[in-house]
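Below are two complexes that have chain A in common, paired first with chain B and then with chain C.
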Partner chain A sequence: MQTLASLKKSSDAYSFGFLDAFAKRELRRKILKAVAIPGYQVPYASREMPIARGWGTGGLQATLALAGPSSKVKVIDQGSDDSVNAANLRRFIARMTGCDATRDTLECTILQSRHRCPEERLKRGQVLVLQVPDPETLRSVEPNMTRARLMHADQDYGLMWLKLYEQLVRFGRFVQGASYPSLVNGRYVMSPSPIPRWDVPTLHQAQHLTILSAGREKRIYAVPPFTRVEPLEFTDEFFQVEEQSDWTCDRTGQRYKFMNEIPETDGTARHEISDTGYADKLIQKKEGEAVTLGETYYDDNGTFYHDGFLKS
Partner chain B sequence: MTVFLNPNAWQPAPPRLIETAPILEVKGIQKRYGDIQAVANVDMSVYPGEIMGIVGESGSGKSTLLRMLHLEEPADAGSYKLNIDGWQDRELLQLDRFEQRKLRVSHIGIVYQHPHLGLRMHNTSSGNVAERLLVAGERTYSTLRQAAVSSLAASEFPLQRMDDLPRHLSGGMQQRVQLAKAIAMEPALLLLDEPTSGLDVSVQARVLDTLKSLQQQQKISTVLVSHDLGVIRTLADRVMVMRGGHVIEAGLTDQILEDPQEAYTQQLVHAKL
Partner chain C sequence: MRVPEFTQSEEASRKTFLALLQATSLPGSIHQLSQASYPENFIAIAEALIDLETTFFSPDPEISQALERTGARAVDVSEAEYQLWPTLRQDDLEVIKTASVGTMVYPDSSASLYLGCQLEQGLPLLLTGPGIDGEIEIQVAGVPESFWIVRNELTSYPLGWDVFLVHDGQVLAIPRSTEVNIGPRSH
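On to the complex of A and B.
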């Protein structure tokens, strides 16, 4: 009798890492170029992947081009290891490269993520791969991509500040919640993928390499370690992260970590730490298991771990 | 006051020549679209604080000329110089894109006939004015607000509506926002392309009043393109009459409009409803 398992081709039928040698070589070259020009969007020939465009094909290709047999890969989606998207990608990467999968941020060598950065600090040698739906941060102010590229070339970013000006005039504060435009290394303004504002400071002077890859838009860009990533702000109106100081995690009792808000039937809401890998470790620790908790970007008083640029 | 007719007391001063250099100098500028010679060998100069009117029928090349002065449109041949600090001896038609933008942002203001061309309809009116400063590199919010208030006030825009979208404003107010945007960086040169042609007569009169008083206060050298001789007569010091891409007559406004020499100009002056 035929089963799904018997119909499945063995992984030997594919090249290592699913992509053919030329695709991997191209990706690695383009990643090197992206690292050499921080924040610059390098075009690349995004290949067809066995998942649909828009489901992380960009991040997947970058991960597959970087992963080797000794890599340890963690995949998260909105902070969660368990979502269908993250589980599928993790299984696919593990099957195609033979590398180990992990849920521990401290252990992984490659962390592919959609919409979040982990709470625990990534270290030297680790790579954060972010899935990007729309790499072009100028699209909201200049719909014509040819002109937007000229604006990048001329460093003509005044209109991005006009967008912020409009938010201040209409709402009295910056209302951009995700993809907060940030100036990389004082040169290119990039979209840091739809991570919340909470995560943007973690890219600034980070020890790890960040690769941002947009599969549908065929653009890859990077933030090398120890590079300035400054969210756009005025000299008298500052960038701020989300205000969640009076929220407490229901599972762990922690505060000052990025929370998911879970609505209740009675109209109230409870909150849970969005980074499930970290929350699970906190619970294991409480139950007396031997787990190592890494240092976090925000400490228990909500203070960021370096002076950076968070101003009150 | 009594006038004493003492021939020794007062002597008329001898006529003085203009000694100031023109702020704008264009020589032999040309533009061709396929078979059509839009602008043929036009020379013009504008002196500091002066309003230069350009008048002509549709298709006479006046708007093309203005677009070339704004560096929006490359010219086929000719020379264009502005006597502004730092740009004195530069041939502006040879500038690269980056320098063109730099010059345009800080030294040239423009008001179009259609507000859609000059304004961002999805941004507030004050944001439209602030845009000029932002593009020029200003990054302080309070400074931007102050600049928007003072520019909008100078163009006699009702300040309680400064944070409204332009598409919620009347045509006259939209033109005032365009004007405020144009003067926000205190430009050396102001280009007006049919600024009041889309407005009804009473609103037109008030916008013209604003333009005239603003021009008198700030002494901005201005090039005014219009097919409306009334507008030219009200504002312009000198006027150029264009037809088929050529300048056929030029001189002081009163002189041209009262005593036109060319047959076409005579026709134009007498063609009133």
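On to the complex of A and C.
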């Protein structure tokens, strides 16, 4: 009798890293271009993957172009290592490249993420791969892709500034939550993918390389280490990260880390640190296990590690 | 669970690519390629990156011949996306000047130049820009000094060449985003 297992192709029948040699070379060429022109969206072919477009195929392809048996890969989805999306991507990457998987930010060589950056600082040599649903930051002000590309070429970001100004006029503050438009190396405005505003400053003058890849939209871009990433702000109205200073994590008792808000039936809310790898380590440490906690981007008083970068 | 085979060529391509990636993201720093001597080092770079979707140029007959099997098209300097120059002479500057710096709409269409040289000796260059913590001083021999003058004249960010300096098994990148000052650090 035929079973599902007997119908399934053996995984060693695939190319190493799932992608064929042409796909890998193309991705590698485009990644090099992306790093050479920080923030510029490089078009790429974006192959079919065994998950649907929009579920992280861009990030997955970038990771597969990088990973090998010597890699340690961590995958998170909204900060969590254990969500279905993250767990499946991690298992797939490990099966196709023979890499080790880890949950420790300090240990990983590649961190693929959907919509979060880790709380612990990434170091030189580590690569953060962000999954991007919509790479074109100008789309909300210019839906025509060809014209948006010309606007990038002309460095014409007037409409972007106008959009932010209108937010100030109508609501008294910037209401853009995720994908906050940021100027890279003083030249291109990019969408940092839908990471919260809390995470945007972590890309500025970082030690690590960030690769942002949009599989459905077929665009890849990057932020090298030691590169200016400046969230758009006015000289008298500053970019602000999320105000969560009176929230305390239910699991660890920590404050001043990015939190998930969990609604309760009585109308109140609990809070938990969104970066589960970091929260788990905090708990292990409390229980006396030998774990290494890395330095975080925001200290225990909520101060960002680059002095004066966040203005108030 | 068996992992797909990590063939020798996969391993070499990945190692070469990671060296180029780290070099590009940290301009001025030296990284190890998969092959340590001419012409295998240049051929390994080509095999990691180019195929029938790309164009190339190399004045070196041995490299050109080896590259034919990649399926990439051999074209003139003015058209070639990937250029492999094991030695760049003063006379070559008039030709290399015609290499593409890309367009404002598609700056990624510019040429990538892989130049043979000797690192850590010769002309001092002071680099600043993305990927560099402050500034970094490097030394390059075997590339005419006027190449850097031409490079600086033609670079108008985001337009410009991505230059990779290859010394045996070592590579150092100077992407277009890097500002190159000829001469040592002034104190």
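In the analysis below, the second predicted complex is superposed on the first by the 303 of 312 C-alpha atoms of A that agree within 3 Å, B and C clash if a C-alpha of one lies under 4 Å from a C-alpha of the other, contacts with A are read in each partner's own complex, and residues count from 1 in each chain.
Note that in this section contacts are C-beta pairs under 8 Å (C-beta built on N, C-alpha and C of every residue); 3 or more make two chains touch, one makes a residue touch a chain.
Every value quoted in this text rests on a predicted model; they were computed, and no experiment measured them.
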### Query
Now for A:98: first (chain B), second (chain C), both, or neither, which partner does it touch?
second
### Task
Would you sort A:158 into first (chain B), second (chain C), both or neither based on which partner it touches?
first
### Message
So in the superposed three-chain picture, is A:54 touching just chain B, just chain C, both, or none of them (first/second/both/neither)?
### Response
neither
### Task
Applying the touch criterion given at the start, work out whether A:15 contacts chain B, chain C, both or neither, answering first, second, both or neither.
second
### Query
So, A:169: does it touch chain B (first), chain C (second), both, or neither?
first
### Query
Which partner does A:234 contact after superposing on A: first (chain B), second (chain C), both, neither?
first
### Query
With the two structures laid over each other on chain A, which partner does A:150 touch: chain B (first), chain C (second), both, or neither?
both
### chain B versus chain C, judged by how many residues of chain A each one touches
C
### Query
Hey, what residues of chain A end up touching chain B and chain C alike?
150, 154
### Query
Considering the complex alone, what residue numbers of chain C touch chain A?
1-7, 10-11, 13-14, 17-18, 20-22, 24-26, 48-51, 53-54, 104-105, 107-108, 112, 129-133, 157-158, 162, 175-177
### Message
With touch defined as at the start, can you tell me which chain A residues reach chain B in the complex?
### Response
150, 154, 156, 158-159, 161-162, 165-166, 168-170, 234-237
### Query
Which part of chain B faces chain A closely enough to touch in the complex?
97-98, 101, 120, 123-124, 126-127, 130-131, 134-137, 139-142, 144, 163
### Message
Taking the touch rule as given, give the residues of chain A at its contact with chain C in the complex, in rising order.
### Response
10-18, 21-22, 24-26, 28-38, 40, 42-43, 65-66, 68-69, 95-98, 124-125, 149-150, 153-154, 185, 187-188, 209, 222, 224-228
